[in-house]
Amino acid sequence: MSLFEAVIGLEVHCQLATRTKIFCACPASPPRGVSVADVPVNRATCPVCAGHPGTLPVLNRQAVDYAVRAGLALGCEINPRSQFSRKNYFYPDLPKGYQITQFDSPVCGEGALSFSLPSGERRTVRIQRIHLEEDAGKSVHVGTHSEVNLNRAGVPLIEVVSHPEMRTAEEAGAYLRALHAVVTWIEVCDGNMQEGNFRCDANVSLRPVGATEFGTRVEVKNVNSFRFVEKAIAHEIERQTAILKSGGSVKQETRGYDPDRDATFSQRGKEEAHDYRYFPEPDLPELTLAQAWVDQIRSELPELPDQRRARYERELGLSSYDAGIVTSSRELVRYFEESIQLGASSKALANLLAGEVSRLANEKGTWLGSRLLPIHLADVVRELQAARISATAAKQLIGLAWESGERIADLIELEGLAQVSDTRALEAWLDEVIAQSPAQWSEIQSGKDKLIGFFTGQVMKKSGGKANPALIQELIRKKVGS
Amino acid sequence: MKTSMRTISQIHDAFDRRELSPIEFTRGFLARAQASKLNAYLTLFADRAMAQARHAQEILDREGVTPRQRHPLLGIPLALKDNLALQGQRTTCGSKMLADYKPPYSATVVRRLEAAGAVILGKTNLDEFGMGGSNENSAFGPVIHPTHSDRVAGGSSGGSAAAVAADLAWAALGSDTGGSVRQPAAFCGILGLKPTYGKISRSGLVAFASSLDTVGILARSPQDAELLLSVCSGGDELDATSLPEAPYAPDESGTPFEWSGLRLGVASDISESDLDPEVARAVRLFQERLCGLGASRVVLDFPHASQAVAVYYLIAMAEASSNLSRFDGVRFGSRAPEAESASDLKGFYQKVRSQFGSEVKRRILLGTFALSSGYRDAFFRRAAQVRRLIARDFDSAWSRADVLVLPVAPEPAFRLGERNSDPLKMYLADRFTVPANLAGLPALSIPCGTTSEGLPIGVQLIAPAGREDLLLSIARALETPEAE
Amino acid sequence: MSEGRIAALAELARLELTAEESARFSGQIEAVLSAFQSLAQVSVEGVEPLYHPGHSEMVLREDSPRDSDSERLEVGAFRVPPVL
């Protein structure tokens, strides 16, 4: 029982899926199928994003459109007038010596995001603001010096800032997943966390339960996966609790997270905090948003993931958990809808999508390169329901189809994954097992039902996983009863 | 022959009559520039300029006459202030920091000039990054006044002004953030036009203070200023603050200027005791001359004029402190030798940036202060509020006057070395020029006489936003025989 | 303005000042700021700051890549002292 409660706020940077950078015509991301790491250093730069003297920023209309779209999807107020500002600091990956961002008047104000916790419990977290800004480049340490790559400099970002009102790492993780679902759903961000297109800074402070004032806050910077964000926050709460319990005080600072050690580490103390000298960007006039433009964007907004989740629960009877996962990305929903069209039953399908398919997608980190089609899913569900394959085989088949794109029927054949329901074959295996374990068999016969599982397992083993477990059990009971 | 020509139109007439060839015309300028001791040029493009002149000659030979619509500046030798980017050519900004910097692109204005057929002779000297009013803040030495070798040519566009006045360029571009085109034009006895903010694209003009910077024109005649403005102006998609409008259209109607309706505004708070007596007298005579032609004189109050210098410098320095952050030695510009051996980042930056001259450092420090935490509201923000009040003073002036008449500088060109120990005094000398930049208004510096020593004196006209036509019509009308 | 304050500003602006510069600037900056003190007397209550002269509205750029690669910079990595 802790005497302290955590206060967590998240600042999430989403790279906008524009073709060009926010203030110049350089490509914002590599061509399809090319990884960021494979673009030659500084290839995607021009005098503007490399900060050459005399160059000026000109704002990308699509970036504004996407920021507004995100704002509307998150129920934010859209500010008809907003302003860019300069945040001044020196760093080699910041070509101009300042970042163009929004400070006093962001493009979107107050909003909120509703989502489910893994328990199914519902939560709403308020959003403070969404602002537009440019990304910095990248410095890489090489031996005795560092090298600067500006391909990323000037890539458009939105920063979505939540109110500090989350209490647990789990809640923060669920918020982050839901936010990821929304921005990818409305196609303003591709959400690729490995490439850094969706990244999170967490502000964590502790205070005595019941207090209304905030404690000293620590910022955990740039954590790049859902799981690591949860772990970093959990670790930070533990660390701060230990300090406070021992009578110490938490230092205001910026910390990083080291996934290898599962620990946060100090990066910069308050005394080294920057004086950013914000002031309105003189090179960019005020951004005015015509109501007609905002209305247009609103009218084109699709049904949002949370709305669809509610509909799936209501209309298809999916569990809250499955519905949440199925609606966590457009890709999953597309598979879901198209597989149903092909005759798959919705609950079994949702199960498969929420289980093996999303596990695989997470593991690969991308759908690119996947050869999995809705027909594969529909076929697997049908085979599974007809007991022609086992649940294990179903998982295997999804993995195989993802890689090869072959027909499910062919894969079953090729890999010998058909479930053996031939009674004679099953009986032969069962007899062998009984002959190997006579003592256990006599126990079953004297009424020890628990051992049915043992014999089923042994037969499964003999069959190489192909035996139909329901049929084996039936056979065992019949044999015991006879 | 040449001495009789005052306008580009007359040069083109001479081209058309084959009395003058673009090649010999350019060659003459290059020869004079090479022989000159004024230090007006930092770089001369002898070969490049001759190639452009030959190209102009080819066009002329092919067409028979100058195609003035398509190439309004055909064969006209111009100079560029060295803070305008010209692709692949050294662009120093008068700074050691950029002594060898060759920009990978050209300024929009430069592209427009070249497309119009102009010959670019070279890049002219300036106070480092445009920061100064005497050209003594150039890392490459001061510009010498064309007629008085112990005097400054003014600044920061001193090289451009001296080049035009000394016939080392036919006309030139400069930049005007707080008077940097008008003041050297006045000191050197030529015309200096600072257009409305946003009238000419700033893309490729190395920024000093972004909300005040304008590209300006230094010319011998109002006709030329107009023609250059028509070539340089017009919206530019590379500058979000450029006005999205068509280029300036020169007045070719030939209608005589109507002096009788003109309401001439003069500021009530400028006392003659505040000015060099000869400047005061020349400005007074100029006003009387206009009134003699039929204009009426209106005395106006500018309640916030006394704050203009403080407002201007706080805003200009704050913006400059940020604009000059990009000079960090990482991507371009020279790294001081000590910087190469710096073991940490901070040391590296400090070594690189110690190449700035004193005035630039001073302004960066002041600007950093004006924006720093705890002072921003009292200095930078308050300055921007008073800037609004100054702009409003102008707005209300326009209901009673069509154009304002002011001195350009409180005195004529001063002696070299006379002022550089007192920055405050230098700043205060900008009091008549900075208001137009704060409000974004067009202003024109016109020669209006000389001192007993023969130093030129300039007078300044300020018009409402977008009314360059009014300024230039007045200047043109003053040159007609009736106005003499 | 004290030389200590000047040193702090110089550090923020990544300028290295010699002792002579620091002493000289301190006096000059003090003089300039005290001359600018008059601003504090102006009544600015309710006055919106003016950050952009003129009446320009933001003109937006379409999200289209440039036609040619002529503006592209052909450079490798920029080398700097260690950032860590």
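For reference, chains read A, B and C in written order, and residue numbers begin at 1 within each chain.
Going forward, contacts are C-beta pairs under 8 Å (C-beta built on N, C-alpha and C of every residue); 3 or more make two chains touch, one makes a residue touch a chain.
Owing to the predicted nature of the structure, the values given are computational and were not obtained by experimental measurement.
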Pair of chains with maximal C-beta contact number: B-C
Longest centre-to-centre distance from chain A, chain (CA-based): B
Rounded Å distance, chain B centre to chain C centre (Cα mean): 22
CA centroid of chain A to CA centroid of chain C, Å: 39
Whole-Å separation of chain centres (CA-atom averages), chain A against chain B: 55
Residue numbers of chain B (touch at least two other chains): 104-105, 211, 237, 240-241, 321, 325, 328, 330-331, 345, 349, 368, 372
Residues within chain A bordering two or more other chains: 47, 50, 58-59, 90, 92, 148, 150, 275, 277, 279, 282, 284-285
Touching two or more other chains - residues of chain C: 12, 14, 51-52, 56, 58-59, 61, 71, 73, 75, 78, 80-83
Chain B-touching residues of chain A, taken from the complex the two chains share: 47, 50-59, 86, 88, 90, 92, 95-98, 148, 150, 275, 277-279, 282-285
Of all residues in chain C, those that touch chain A in their complex: 12, 14, 51-52, 56-66, 71-73, 75-84
Touching residues (chain side chain A, partner chain C) in the complex: 18-20, 25-27, 41-43, 45-47, 50, 58-64, 90-92, 139-141, 144-150, 275, 277, 279-280, 282, 284-288
Sites on chain B touched by chain C in the complex: 104-105, 196-198, 211-212, 235, 237, 240-244, 304, 306-307, 310-311, 313-314, 321, 325, 328, 330-331, 342-351, 353-354, 356, 358, 361-362, 364-366, 368-369, 372, 378-379, 381-389, 391, 423-424, 427-428, 437-440, 465
Complex contact set, residues of chain B against chain A: 83-85, 91, 93, 98, 101, 103-105, 107, 202-207, 209-211, 237-241, 318-319, 321-322, 324-328, 330-332, 345, 349, 368, 371-373, 376, 380
